[in-house]
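Reviewing the structure listed below.
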Amino acid sequence: MADNSIPTDGRNQAGDSELQRKVFAVVFQSRTPAGKYFDILLIIAIVASVVALMLASIESIWARYAQPLYLAEWAFTILFTIEYVVRLWCVREPRVYAGSFYGVVDLLAVLPTYLALFVTGSAYLMVIRILRILRLFRVLKLARYVSAADALVEAMVQSWRKILVFLYVILTIVVIFGSAMYLIEGPENGFTSIPRGVYWGIVTLTTVGFGDITPQTPLGQAVAAVVMVLGYGIIAVPTGIYAAELRDVMTRRRQAQICPECGRTGHDEDAKFCKFCGARFAPAEKGSG
Amino acid sequence: MADNSIPTDGRNQAGDSELQRKVFAVVFQSRTPAGKYFDILLIIAIVASVVALMLASIESIWARYAQPLYLAEWAFTILFTIEYVVRLWCVREPRVYAGSFYGVVDLLAVLPTYLALFVTGSAYLMVIRILRILRLFRVLKLARYVSAADALVEAMVQSWRKILVFLYVILTIVVIFGSAMYLIEGPENGFTSIPRGVYWGIVTLTTVGFGDITPQTPLGQAVAAVVMVLGYGIIAVPTGIYAAELRDVMTRRRQAQICPECGRTGHDEDAKFCKFCGARFAPAEKGSG
Amino acid sequence: MADNSIPTDGRNQAGDSELQRKVFAVVFQSRTPAGKYFDILLIIAIVASVVALMLASIESIWARYAQPLYLAEWAFTILFTIEYVVRLWCVREPRVYAGSFYGVVDLLAVLPTYLALFVTGSAYLMVIRILRILRLFRVLKLARYVSAADALVEAMVQSWRKILVFLYVILTIVVIFGSAMYLIEGPENGFTSIPRGVYWGIVTLTTVGFGDITPQTPLGQAVAAVVMVLGYGIIAVPTGIYAAELRDVMTRRRQAQICPECGRTGHDEDAKFCKFCGARFAPAEKGSG
Amino acid sequence: MADNSIPTDGRNQAGDSELQRKVFAVVFQSRTPAGKYFDILLIIAIVASVVALMLASIESIWARYAQPLYLAEWAFTILFTIEYVVRLWCVREPRVYAGSFYGVVDLLAVLPTYLALFVTGSAYLMVIRILRILRLFRVLKLARYVSAADALVEAMVQSWRKILVFLYVILTIVVIFGSAMYLIEGPENGFTSIPRGVYWGIVTLTTVGFGDITPQTPLGQAVAAVVMVLGYGIIAVPTGIYAAELRDVMTRRRQAQICPECGRTGHDEDAKFCKFCGARFAPAEKGSG
C-alpha cells in the first residue's frame, strides 16, 4: 500500500543501472524475499545495538564487559555505515535521501561513534545513538501494520486542534493551581517556587502522583483534592475526542462504496443514491463487515 | 463566527468616532492585519510576563536578577495599563466592558503591581498577577480554534448533569471509605482524622497515589485494594459519558442538513444530493466553522 | 418521573388521615413548596452533621471545640430522631418503611449517638454515623437528576456481566504477577508475602502507584514494567464497555418512536416500518435532536 | 453455545462406555445438576487452595499454622490428583486432553507438591501452584459469562494490530525520554543507567508514578512534565481503539439478521419485521447467548 514506488517522505526511486535497482529492492523495499530477509536482519541489528547501548550505561556491566561492548558498538557502527553508503549509492537522488527524515536518522546512528574518537563527553553522544531505535519505524512501515497505524494517525490528525485546546486548558489550570499551592503551602512544605508548584500540578493532574512534593496543610490538601478530581474527570476529554474521531475514520474506511457514475466514495452504508451526482446505486453491491 | 460584532460576554461595540472604531478593530478584533499583529504581540507580552513572574518566585534567580525582573514587571504593568485604558476608551459602553469577565481579568492583571507599592504581603499579589494567563483565552478565542472548543464545551454542557451525579457518588464513596480507613488504620499509620482519611481516599480513588499516607495493616490494604479497583473501574464512567455526548454533538453538527424533498437528515457536510431520495440540495445553505 | 406515587424501594404511600397525607407530602415528596423547603433544610442538616463529625475526628479541633461539637451532634441526633418518628407515623405501613434501605439508613443516622451513652469504643459508632451521607441520595432522587442517573445506572446494569469478566481477569493477572514478584524480589525488598505481592500488583495495575513497595532488582523492574503497561493498556476495556453501553442506552432513549398500530417503541431512526407489526410509519413524524 | 460437544481448545469428547459418558458429563460439562454441583465444589476447592497458599507465604501465619496449612495443601493436591486422573480416564483421547491448555494447567496444579518432597527451593514450586487460579477460567467458561467474554475477546483480537503499533510507539517514547533523563539527571539523582531511565519512563508515562526515582533538576522536571502530559493524553489511544472495535462487534452481533426480501441488515435482535421493506422474518432463525 504505502510501498516505495511512490517516494514518500523524501525517499526516492532507484538509480538507473540494473545493479542499483536490484540493491534498492533489497534495502528499501520488502516485496522480494531478499528484501524481507534484509528487513529482519536490520531489525535484529538495530534492537541488538540499542540493547548493547543500554547495557553499556549500567556501571557494573560496563566495569566487567567494557571491551566486548566497545567492540560490538564498533561492529554495529561499521555495519550501519556500510548500509548508509549503500542506501546513498542505490537511490536516484542521494541528496533527497540524505535530507529526508530517515536519511538524517541513519546518519545520526553512526556519526556519534566516530565523533567519540575526537570529542569527550561521550554521554551526550551515547544518547544520540539511542535514536537508532527510530530506524525501526521504517522497517515496520513496510509491514502490514501500515494501514492500522494509518487509521490511528488520521484520527490523531483530525483531533489535534481539539487536543491543542484541551492542552491549553490543562496548562492554565496547572499554572493557576500551582501558583495557589505555592501561596498556601509555601517553601517549608516543598513548594519552593511557582514553577515547582506548576510541576506538582502536572504530577497531580495527570494522576501520576510521584509523592516527592505533597501538600501538608489542610487547605493545601483540599485544593489538591480539587486538582485530583479535576484530573480524574477530564481525562475523559482527550479519550472522548480521540474515540469519536477514530470511530469516524474507521467508519469512513469501511464505507468505501464507490459511485458507478462519478466514481466518488464517502457514502453512508444506508445510502441509495450517490450524494454527489444523484446516481442510483445497484442495491446488491452492499456488504458490511 | 464568534467575532466581536456581537457583544459576547459583556464586550460591546466600538465607540462612535472614526478613531475609536479603528482602534477597536485592532485591540478587540482580529480581522485586519493590524488586529492580527496586535494579537500576536499581546500573546508574547502575556506569556513573557507570566514567565517573568514564575522566575521571580525562584529564590536563587530572584537573588541574582531581582532588579531586571522588577523592571520587567513594571514594564509589563505599564504596557497592560495603557492597553486597559485604550480598551476602556474605544468601546461604546466602558462600564459594560469593565464589568465583563475579561474586563475584570484585565484590571487584575495590572492592579496588584500598583497595590504592592502600598501593601506588604506581595506573595498574594504575585499569585493574582498569574491570572494574567487567563487573558490568553480572549486572544485564542478569535482564532480558528473556536469551533473545536465549541464542540468540546457543548458536549461538556450536555453532560454536566450526569457528571454531577457521578461526582456525588465519588464523594460518597470517598467519605465512607475514608472514614473506614480512619477506623481500621488509625492515627498511628497516618490516618489521623476522618478528613485525612477522605483525602487519602481521593488520592487513591483518582489513581494519583502520592504515597504520603499508605495503609499498613492487612485489612487496610484489602480495603485500599477495593478503593483502587473501584477507581480504576469507574474512571470509565465520565469517559463514557463524555465520549457519548461528544459523538452526539459531532454527529448532530454533521447532520444539520435537511433534505427539501423527503425531509430526512443524516447527510454528510459534503453531500450535494439527498442520499435517500436523490434530491439536489441548495448549494448556498451550507456554512460551518 | 420516579416520584413517590409508586412505592419504589420499599417506601410506601401516605396514611389515611388528612394530616398524615399532608405531612407525607412534605417529608417524602417534593412536589409542594413545603416539600421543597423541607428537602433543602434536610440537605443542609445532613451536610452540616457530616462536616461536624469530620471536624470532631481532628484531634486539635476536638481539644478546643469538644463541647460545641458534642452539643451539635446531639442537636442533629434529636432533629433526625424527630424526623424518623414523623416518617414512621405518616406512612401507611411503618414496617415496610422501617425495613427499607432508607429506613435502615435513617435509623443508623441516630442510633449510634444514643448507643454511645452506654457503650465505649465510640470510634466505631462515629464511622457508622458518617453513613448519614447516604441519606442525601433520597433527597437528590427527587430532583431532576433522576433521569441522568437512570441512564448511568442502566448502562452499568447492562455492562455488569462484561465488567465482572474483566474484574476476574484483573484478579488473575494480579495474583500471578504478585506471586512472581514475591519470588523475584523477596522479603528483603518489601515483598514479604504473596498477599503483599498481590497488593503491590493492584497498586501498580490500577496505576495508583503509592511507592510504598517498589521493585529493586532489574528483573523485578522489568516485570513491573509489564504490569504497568498492561494496566495502562487494559484501562481501555471497562471504559470501552461502559462507553459502548451508555451510547446504546442514550440512543435507545432518543429513538422513542412509537408505532401508531401496536404502540411499541425501540425502532431505529431510519426505520420506515414498525419492526414488530410491519405497520408503515408516517414519514413526517420524524425529528432528530 | 461454547459447550463441550465441540472439542474446543483440545478438550475432546467422552469415552465409549456408559460410565465414562456419565462421568464426563459431570466433570467436563455443566448441563446436568450433578455437573453444576461439581463446578461449584471445584470453584470452592480452587479458591480455598489458592487462599491457603497465599496465607502460607505470610511468615507470621506460617509460624503458627504450618501444620494445618501443610495438611490442607496435601488434601487439595490429592483431591486435584484424583480429579486429574478421572478427567484423563473419562475422555476419549487422554493424550489430547493432557496436551491441551487446561490439561497442562491441571497437571501443574498438583505436580509441584509432589516435587517438593524431593526438591528444595520450594518458593518456586509455591508460585507455580498459584497458577491453579487459571483453572477457574474453565469453570467460568461453562457459565453464562461466555458470550460477554466472547465480545470482549473478539474486540481485542480485532484491535491487537493497532494496539501493537501503539505499544511500539510507547516503547520508542520511553527509550528516548529515559535516555534523555539519564543524561539530564545523572546517577546522583537516581538515574544510574539508561535501563533505569527507561524504567522511570514507563512508571511515569503509564501514570503509575511510584516516586522511587524522581527528577531533581529543573530541566529534568520539565522533561518529566512532557512525559506525564504525553502519557495522560495518549491513554486515549488504546481506549479509543478498543471502544471503537467493541462497539463494532456489538453492532455487528445485533445486525446479523438479514431481511429475506430486501437483503438489508441493521435490524435489532428483537425485530420481527424488516424495518426497510416491512417483510416478516422467519421467527426460528434467531439464537444468541
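Read from first to last, the chains carry the letters A, B, C and D; within each, the first residue is number 1.
Quick note on the criterion: contacts are C-beta pairs under 8 Å (C-beta built on N, C-alpha and C of every residue); 3 or more make two chains touch, one makes a residue touch a chain.
All values reported here derive from a predicted model rather than from experimental measurement.
**Q** Would you identify the chain whose Cα-based centre sits farthest away from the centre of subunit C?
**A** A
**Q** Go ahead and note the Å separation of the Cα centroids belonging to subunit A and subunit C.
**A** 41
**Q** How far is the middle of subunit C from the middle of subunit D, if each middle is the mean of its Cα atoms, in Å?
**A** Result: the chain centres lie 29 Å from each other.
**Q** By the touch rule stated above, which residues of subunit C touch at least two different other chains?
**A** 195, 207-211, 231, 235, 239-241, 243, 247, 270
**Q** Please categorise the chain-chain contact pattern as a line, ring, star, complete graph or other.
**A** The chain contacts form a complete graph, every chain touching every other.
**Q** Under the touch definition given earlier, write down the residues of subunit C that touch subunit B in their complex.
**A** 50, 53-55, 57-59, 123-124, 126-127, 130-131, 133-134, 136-137, 140, 144-145, 148-149, 151-152, 155-156, 163, 167, 170, 195-196, 199, 202-203, 205-212, 231, 235, 238-243, 245-247, 250, 269-270, 283-284, 286, 288-289
**Q** In their complex, what parts of subunit C are in touch with subunit D?
**A** Interface residues on subunit C, with respect to subunit D: 161-162, 164-166, 168, 171-172, 175-176, 179-180, 182-183, 187, 192-195, 198, 204, 207-211, 214, 218, 221-222, 224-225, 228-229, 231-233, 235-237, 239-241, 243-244, 247-248, 266-268, 270-278, 280.
**Q** Using the touch definition up top, name the residues of subunit C that touch subunit A in the complex.
**A** Contact set of subunit C toward subunit A: 207-211, 239, 243, 270.
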